[in-house]
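The first chain written gets the first letter, and so on, giving A, B and C; residue counts start at 1 in each chain.
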Amino acid sequence: MFSLTPLEIEALRLSLLVSGVAVAGSLPLGILCAWVLARRDFPGKVLVDGLIHLPLVLPPVVVGYFLLVVLGRRGPVGSLLLDWFGITLGFTWKGAAIASAVIAFPLMVRAIRLSLESVDRGLEQAARTLGCGPVRTFFTVTLPLVSPGLLTGTILGFARSLSEFGATITFVSNIPGETRTLPIALYALTQVPGGDAAAMRLCVISVAVAFIALLAAEILARRVQTRLRG
Amino acid sequence: MLDLSVRRRQGNFQLDVTLKAGPGITALFGPSGSGKTSLINMVAGLSRPDHGRIVVDDRVLFESQSGIDVPPEHRHLGYVFQEGRLFPHLSVKGNLTFGWQRMPAHQRSVQFADVVDVLGIGHLLKRHPAGLSGGEKSRVAIGRALLASPRILLMDEPLASLDAGRKAELLPFIVNLASQFAIPILYVSHAMDEVLGLADTLVLMENGRVIADGPVEEVVARPDLKDFSGHRDAGAVLRATVRHHDDDHGVTALGFSGGTLLVSRLDLGCGASVRLRIRSRDVSLALEPPRKLSIRNVLPVTVTSLSPSSNHMIDVKLDCGGTVLWSQITSLAQSHLGLTPGMQAYALLKAVTIAREDIADYRRAGIAPEAVADD
Amino acid sequence: MSSPYLRSLLAGLVLCFAAGGPCHAEDVMVFAAASLTNALNDIAEQFSAKTGTHMSASYAASSALAKQIEQGAPAQIFASADLKWMDYLVEKKLVVADSRINLLGNRLVLVAPADSKLDKMEITPKTDIAALAGNGRISTGDPDSVPVGLYFRQAMERSGQWAAIEPKLARADSVRAALAQVERGEAPLGVVYATDAAISRKVKVVGVFPESMHDFIVYPFALVTGKDSAAAKGLLAYLSTNDAKAVWVRYGFKVN
């Protein structure tokens, strides 16, 4: 029963590619933002916090439209990208990855920040007395201790990216092979009479992927926890 | 070794300390909140004084005037924290080598095998901190700090969370460290037993200030400080040397300036030094040499002074051949004895406690370490 | 509930919901192809001025609308941009076959952003559309379902260019969405109806597809089965009157 059609394979491949790149690409920035929010105090911190969380509370379509305005060919940033580097983001999987990354970012930052805030600062001090500078301490002590939060954030981000629709379709629309991820392919099928059977198949595939992702996350999380507890 | 003079204000608390610490173990003793931990945090670079100067081994670590503030990772100190603070994500070996790895091999003054040996943690190397007992954690924490080849070892009540048995086990290790690895130790404690068991130099702190600073026996003998360790524990601390052993009766004779003391057989060679503690409540007085008595340790003394203490008790300061002893008697007894300064009397010592055991081949410049005989 | 004012407000709200939809008497619900948006809105205004009957419209790709009607959406009149989707509903007996009128026609055009360097040209089957787009994409409706995309696909298939064109397409949900992409400059070229190009100031027509390249663009209108109220019939009839025709023509539609 289950051999996948080319359309399904392509949608699946794109979904995994876009989500994977979105999460991997935004992880370093996510760690940085989480660290700044958890450890630093500065005027305007509330604003920065709000800005980072904005995609969480805005309708995804609004976020997508905003990306279109800013990163589109004629947008302030998009035109620079085009003129200087010859890069366009519209209609490309990279644009789709950016849309997913923006939507998933607040989830990642929240999870990592929570984990950071519960790290025992005393351990970092101990590392300092043992000859570790602040940067090295971060990588050898803080980061390993934060790894459960990192994992949670990554999984959450990945899951959210997999299900991303509104921002993606608004920013990069529906290009087979480039931006037609699982949700978008499913949507397109629901717009057409007679597309229901194919839509249902995609539904099943989406659920399966989500399930596998969650399962993998659970197993990884348990492993990390046991390692930390010795 | 360590030379500091710092001031810091935090809210209502004002810390103002000037201190020099030499080789061996220097104990910082005082009640909670006296500023001991704040002080060593400043030495370690984990907190910043408002004013002052901190110098270790002729290297300026902090000087407020010239703006020097060497970050902790460059101070080459070792810090053993009260809670151990072992890294949970690393094995015991990973923890131990954490600071050790950062040193280029030729700069390391301490060898991994030696430390593991001395602390007896070889069998724990593969475990993780979560699987260690309290005593084992403390030992690993000490080992980790040592292996960073520190110029000074800072210890903040590292035995605080251990029971008496574990403590007794670990104290000799720590004493040994200072000699074996030739590293001076700054040891924070609020337990007098630990201090008497470990320290060569005693620094008393109260309310952010140093109120006494000197060799342990001297500081403890000072009259204005006798109440410091709590009234029940008041007494004398003195040095004695092993004269000979009487194996037939399981007894060792210790000699000091005031005579000979007999204690249970010690496992030390002749000539080894011990530090003794004689609590004032364990010293009774007689005007005539007592006869037919079970107490073996009777010493001729001269009464130096008498001062009333709480609860109808009197603290009597005695001179025993140059060594200070204390006796605590009831005012009723005093009314019978009629002691006056200058009077000759006899001190009956019911118990003599060993505070610090000797490590046989340790020799510190000029001062032999003390061994304490169990009562 | 304390205040009586609040109580009557709540009652009013409940009544509104109970009545179903906006509190107008006699609304006619129209599902119409996206390209009819502006023209049909104008005509509806005329109609309501004359008769007091208002129109509610949902504009989208004809394929999507057909699907929704199939699922029971409350449309009363259906206006498709091609015969295919009307035939689809006729076959399923979801529209009243007798009420069907093939009312309007249109032309397929190639558009570019207003500031594009492309000049107006004559489009023939030999015109290499893919080359015109260069590195960019050609924006049009989804060629699998949306009428404008279907017409364009026909044109390309008939001129043997489909294989080259297909990977360069940016598939939009409707012709208006495709138009928007060209307006924004995201796509250097787009294929829309002449009437859409006419209302937009941000695009210019680069060429008109000869009608031989594709099936005639026909807009059939019909009543939805079971929803053909008197008001709906009235509106449908009005769409062919001279007043309405004037509006259609003004927007560039061909009136049959």
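Note that a contact is a pair of C-beta atoms (placed from the backbone, for glycine too) under 8 Å apart; a residue touches a chain by one contact, two chains touch by 3 or more.
It should be emphasised that the depicted structure is a prediction, and the values quoted were computed from it without experimental measurement.
With centres defined from CA atoms, tell me which chain sits nearest the overall protein centre.
A
May I ask which two chains are joined by the most contacting C-beta pairs?
A-B
Take the average of all CA coordinates in subunit A, do the same for subunit C, and state the distance between these two points in whole angstrom.
Once rounded, the distance between the two centres reads 36 Å.
Could you please state the distance in Å, as a whole number, between where the Cα atoms of subunit B are centred and where those of subunit C are centred?
Distance between chain centres: 92 Å.
With chain centres defined as C-alpha means, what is the inter-centre distance between subunit A and subunit B in Å?
The mean C-alpha positions of subunit A and subunit B differ by 57 Å.
Under the definition above, what is the set of subunit A residues touching subunit C in their complex?
68, 72-74, 90-91, 173-177, 188, 190-193, 195
In their shared complex, at which residues does subunit A touch subunit B?
So the residues of subunit A in touch with subunit B come to 120, 122-123, 125-133, 140-141, 144-145, 147, 227-230.
Subunit A touches which residues of subunit C in the complex?
Against subunit A, the touching part of subunit C is residues 61, 63-64, 66-67, 70, 85, 88, 137, 142, 144-145, 167, 169-173, 177, 181, 184-187.
Note which residues of subunit B are touching subunit A in the complex, please.
Of all residues in subunit B, those touching subunit A are 44-46, 71-79, 81, 83, 85, 87-89, 98-99, 102-103, 127-131, 144-145, 148.
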